[in-house]
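Given below, in the form of structure tokens, are the structures.
There are two complexes below, and they share subunit A, which is joined by subunit B in the first and by subunit C in the second.
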Partner chain A sequence: MDPSEYRKQVTEELQRQTESQPGYHEFLDKSNSLSQRQEALAAGTKSLTEAELDDTINIIRDQEEEPELRASAIRSVGRDIGNRDETINLLLELLKDKTEPREVRIAALQVLLMLAFISPLFMSKRPEFLAALRSVVEDPDTTVRQAAIEILALEKDEYVQRRLNEGLDDPSKALVSPEKAVQMLGQDVHAELYPRLREMIQNPPSPAAREEAVRLLAGDPNSKELLVNLVRDKDEDLKVRTLSAAALQSLDPVEFTDQAKQIVLDDTEDEDLRLTGLTGLTHFGDQPSLIPDLEFMKGLERLRNESTSDQLKEAIDRYLNRTK
Partner chain B sequence: MTMLLNQMLDKDTSEDRIAELVDAVKASPDQRDTLVELLPEQHPIYLGRGTNQTIRLRGYILAAFEQVGLPERALPYVLDELENGREAYLVAAAAKAIRGLQNPSEAVVPFLFKAINNIRYMDDALTFEQYKPDWPRTEHTSALQEIFQSFNWLGHHAQSAVPDLERLYHKGNGFSDTIQREIKNAIDAIRATEPAGTRTFISLSLLQPPPVGQKKTDVVPGLAFEDQETNHLTSVEFFRQKPSIVAFFYTRCTNPNKCSLTITKLGRLQHMIREEGLNGQLKTSAITYDPEYDLPARLKAYGLNRGVVFSEDDRFFRTLDGLKELQDYFGLGVNFNGSIVNQHRIELFVLDSEGRIAKTFARLQWDAREVLDSAKALLTPGGQ
Partner chain C sequence: MNQAQLSQTTQIIIDSNSNLDANYITWSPVPAQIRIVDTGAVTNMLAVKLRNQNPNQGGQVVLFAPFPGPGRGDHGQDELILALPHDGSPVPFFIAGKFGKPSVADKDAVIEVVDTSTGNVLSVTPVMVRIRKNANSLEDGERQRFLSALALLNMASTGGVGGFADYANIHADAGVQEAHGNAGFLPWHRAFMLDLERELQALDPSVSLPYWRFDEAAPNLFTKAFLGVPNPTGTLEFETNNPLQFLSPPIFRQPDFNTTTESAHVINEAGTLQLGDVYANYRIMEGNPHGSAHTSFSGLISNIGTAARDPLFFLLHANVDRLWARWQWYMQRFDMTSIDTYTFLGKAGDSGATRIGHNLLDTMWPWNQITGTGAFDDRPPTAPGGNLPRSKIVNFPSLTPTVGDMIDYQGALNPANRLGFDYDDVPFDFDIL
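Here is the complex of A and B:
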């Protein structure tokens, strides 16, 4: 087909599609049902005119309108308002306003997060955005509160780190559960966290917090000995031992290699832990784990002959193949 | 007040106590040297604190210089934050401190522009009204606001900045209305003030660290090193027979203007050494502040990813012991929370063929040509 004819056909088809869509005016028309208005909003494919954008912003502002419609409107015009100072301010106000419905506030937050990627102006509004997030860390709405705290934690925000630490010291001031607080503080390797994590291994506020603490100790060379002790302790919870082994592997591959080899060859050890150790030595090991070790290999041959576990035998074969 | 000033400050002094001292000095500006003493990164007040703690302490101290006046000795720390800082609180504090200079100087203009570039996508809402402020707050400032207010304060001394400020003010440059207003105010203030009869300068000597003096005759202490290939040797074995260039860094550094850039520039410096046919005559190396975490594989990957070429004479090291002795010998501007670095400055040294410090480049960005010329000078007879 002639390219110009093809272009003409495509243009006509697009025109037909646009004409058959419910018009933007149907979204603005308050006499239509919610579903009709949302459908009209969703069907819009072209960029809005300035007047249409202003009408939509009026709907977003209008507390008499259905929250779902306002939330949909926020999402639909998100890209178009990223270069307007006053509309970013509007979204910030909606996020902060505790009297606004959750749907509206969450939609505002989602669009603000999107603008962080696409709007150069938004980057200049970053201080206001961070201030808005800090203003809702005690919000009665759990969804808004948690979302704000998580974003601030990812930003390594001084204020939220301070509040999370306060909550760990005094549970009556906690913004989130202890395990969540530890996880969020763990976003920042430079936070004042590791002594607290080591203490938490001994006196955990919850089992989940203890597991989270072990995971994060992978970044703390001062915790090497503690991790070795946890890995070796057969009375310790299996998940904690496994997490400790993984943390040790990141922290000190040589020490991990030593500990993992002992576990793999120990017939009194849990099979899952032996498998984890062997997999670590095979796939994630630093060079030391793959240096041929005659004694270890002899032990593996014995284990392959004696073990009834097919999984363990396969893991042994994989390891031996890697060391060839 | 006197009791506060006489108090020995160390790692056990609470943050609130240190903030009280800063507030007390604000009320007695003649005591401002007390604050200067707290600025070196290795000061014990920073030991054992998280990075955010050190940032808020340091920022609170720096910001106080706006009120008590900025002594010359504190200027390198302020310019360092403007040139290299990526933390909004510290950059804002440094911008405020500039306004404590006795005489406004156009020499700070390039530093303020560098700070704009560093912080414009990382700015934050902040306040110096209170130590460890609570939120929400009705009033707050930001690093960009403080930077443009410093341009405003410079007045006609910032004449040279007007064309660039006008470019920033141009619509569509991505600044919010608040920042646009600050830029406009700065331009208006610069234009409104009459040029003075004399121009004030900042002595370049102030931008360099004090000479290492007594260390110069000492040779580098004998410490056990491991290099990026897991070879073990002593510092004395490496730093002898040829002049050496040694930089300090750590792989977990989050400031791209510091460790990452230092190592990238070290790679470029190596290239210049090869281009000038000096390979085999000079050694280059980098030593990590974080030896327990920066295992050989991490050191190697960090260098290779930044264009470093390793050889017998070009290596990265971690200390197997004696990090403290190394800190003392080089006077390293670094501090720790456990084994994690909580703050550090940029630092590079040129050593002679006996392992003595011949030249120190610290705090501000070093120039590869200047470093190479310093090392080359050691190759000529009498250069040591």
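Here is the complex of A and C:
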């Protein structure tokens, strides 16, 4: 397409959209329907004036308004409130207020997170933000509670780490599911976590927690033998075996290469596991041991000829292309 | 017939680079030259036609006569006739990717040179019209090459652990003030994306960084075959042939919207384009759509300190950069002497300047490798990641780029400023020349 013609098209499209967009006053007009007001909000592109911002904040505060509209209003003003201390305080209060609807609290949390990206002022508010999050880790609303715990875990917050460990020790104190707790603790892995994860493989609080534990063992040098055993055990759950193979690759690429070669050529193995093995070998295999291995190459060519799986054939082709 | 099979009577050299590995072009016109190499076979001036070998498949190029060259009156043509001296002297012309016709595979745009009198093919030159595309529309091969390079880069830079450790560290706490909350947000992230893309291209030169158009549903992106699907705990799961399954530590990301049918919680592209016609107004896009796209999920991507551990980060920011590029094109904002193009034209310490790293003439951390106290008005105490990687196709910017180096990315006003990338829906503005 000619670039000049393209510019004309874009200009016309913008004009069409501008003409069809409702004005911001349509959002403020309470006589309009919810959808009309939300549409007007979504169409707003310019920075709000101080007066418009005040009007919008009044709607955010107004508990008579629909929660959905208040949540949308919170999201829409995020970019305009970065330097207004009192508005950041309002968002912190909404997040902490258990009487507020979930939609409003989550929207407030999202905008607070966004301010961390864009607002120099927010850096000075971080201690208050983290305190607000800690105040809701036992919130009756599961969504709010879990969201707060996630953010604190990403911040490597010691308080929430202690609470998560307590929950794994004593399920009656658990703030989240055991698999979520493992995932969250995995955001700041300490050496003392690994024995707990290894124990979890033998005595898991849930199948999903076991899977999360396997993923994290990729960072534990003492888990190599355990992962090899999981990969090799044909009676083990297939997903756990596949995750163990991926974890082993990160932990010990040479050992992974050895195990993966055996799995790929073993016709009694599950196709998904063979594909994971082959994908790992293709991208991260230990090249010094792979390239001269003519037996393995012959085995792959046999497999390519005999397999009825298109996915496996494609994966073999990718491997051969990469190593030739 | 491929290049190896054909006895080449003529030779094309693009942008003074005889290394065929460098035959990657974008929408920006670049100088090229053609000459007769088999001078013994030709006794007189030879009239040749340059054209796309297959106008219906693969990337396409447009060609420009040497005089007056690309500009308001010449947006390029599909064929070009030139007269070549029999003594092998080169004849200049210009070449660019044809807007709307990017390559799908490596070197799938083939320039054919034919003798106008006999119709014989004298040479073929494969090039790639390498363009950043919408991730939701990538062909299988494009997606696989990108994922492979991404996984390999992570492995190479971190030894398999740490999840894009350098990139995550650069973007984390130390870099917050260098990259956010001020005018340099867009240029800094342009350099950040360029850094990653050049590293990917060092592994596979046919790869370009795709973008996540967050104001549209992207059902082909949030899949197990591409960027993963969260399990009930939020940890991403992948297909068994996706190399991202090996990312460690694992990524968790839970969308707050239906990725199959809805956009993220962002203003749309038209709205973004109309945020303002001068940079000072336009840059509020850092909040919405940029920040809003990040926080449309829970998980690593929503947290400034961890966002760059999630591969989605790079596709999200490629789109932020595309939106800026589109605004620059639409508003014609490439002139670095104008505050309409960029707000702070001087350097830190000048009257009216802003924080160091956000003025046009300031170098950008960490590529400048300058460290400081980490105070609000100083550089961070560490500078991870090294200088900006070099490109095989352009010589710009330097290893220590300035904010201003990111502005004229297509070389619209100064061809030497080309950064070597383009977007599928942002053309080169010939009318500005």
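Some points to look at:
In the analysis below, the second predicted complex is superposed on the first by the 230 of 324 C-alpha atoms of A that agree within 3 Å, B and C clash if a C-alpha of one lies under 4 Å from a C-alpha of the other, contacts with A are read in each partner's own complex, and residues count from 1 in each chain.
The rule is short, and it goes like this: a residue touches a chain if its C-beta (ideal position, glycine included) is under 8 Å from a C-beta of that chain, and two chains touch if they have at least 3 such contacts.
What you see is a predicted model, and the numbers here were worked out from it, not measured in a lab.
More residues of subunit A are touched by C (comparison of subunit B with subunit C). In the superposition on chain A, contact of A:189 is made with both subunit B and subunit C.
Contact with subunit B, but none with subunit C, is seen for A:85 once the two complexes are overlaid on the shared chain.
In the superposition on chain A, A:173 contacts neither subunit B nor subunit C. Contact with both subunit B and subunit C is seen for A:219 once the two complexes are overlaid on the shared chain.
Looking at the shared chain after the overlay, A:161 reaches subunit B, while subunit C stays out of its contact range.
Applying the stated contact rule after C-alpha superposition, one finds that A:232 touches neither subunit B nor subunit C. Once the two complexes are laid over each other on the shared chain, residue contacts for A:272 go to subunit C alone; subunit B is not touched. When the two structures are aligned on the shared chain, A:134 is found in touch with subunit B, with no touch to subunit C. Contacts of A:302 after superposition on the shared chain: neither subunit B nor subunit C is touched.
In the superposition on chain A, the residues of subunit A touched by subunit B in one structure and by subunit C in the other are 120, 123, 189, 219, 253. Residues 1-4, 6-7, 10, 13-14, 17-18, 42-47, 75-76, 78-80, 82, 106, 110-111, 113-120, 123, 147, 150-151, 154-155, 177, 179-180, 183, 186-187, 189, 208, 212, 215-216, 218-219, 242, 246-247, 249-250, 253, 272-273, 275-276, 278-280, 282-284, 311, 314-315, 318 of subunit A are the ones touching subunit C in the complex. Chain contact summary for the complex, subunit B toward subunit A: residues 49-53, 55-56, 88-89, 120-126, 132-133, 135-137, 140, 142, 144, 174-177, 179, 252, 254, 292-293, 295, 297, 337-342. Those residues of subunit A that touch subunit B in the shared complex are 85, 88, 96, 120-121, 123-128, 130-131, 134-135, 137, 156, 158-159, 161-162, 188-195, 219-222, 224, 251-253, 286-287. If you check the complex, the residues on subunit C that touch subunit A are 75, 99-100, 144, 148, 151-152, 155, 160-161, 176-177, 180-182, 185, 231-235, 240-243, 245-246, 248-250, 252, 256, 265, 267-268, 270-276, 281, 284, 286-288, 290-292, 294-296, 298-300, 302-306, 330, 376, 427-431.
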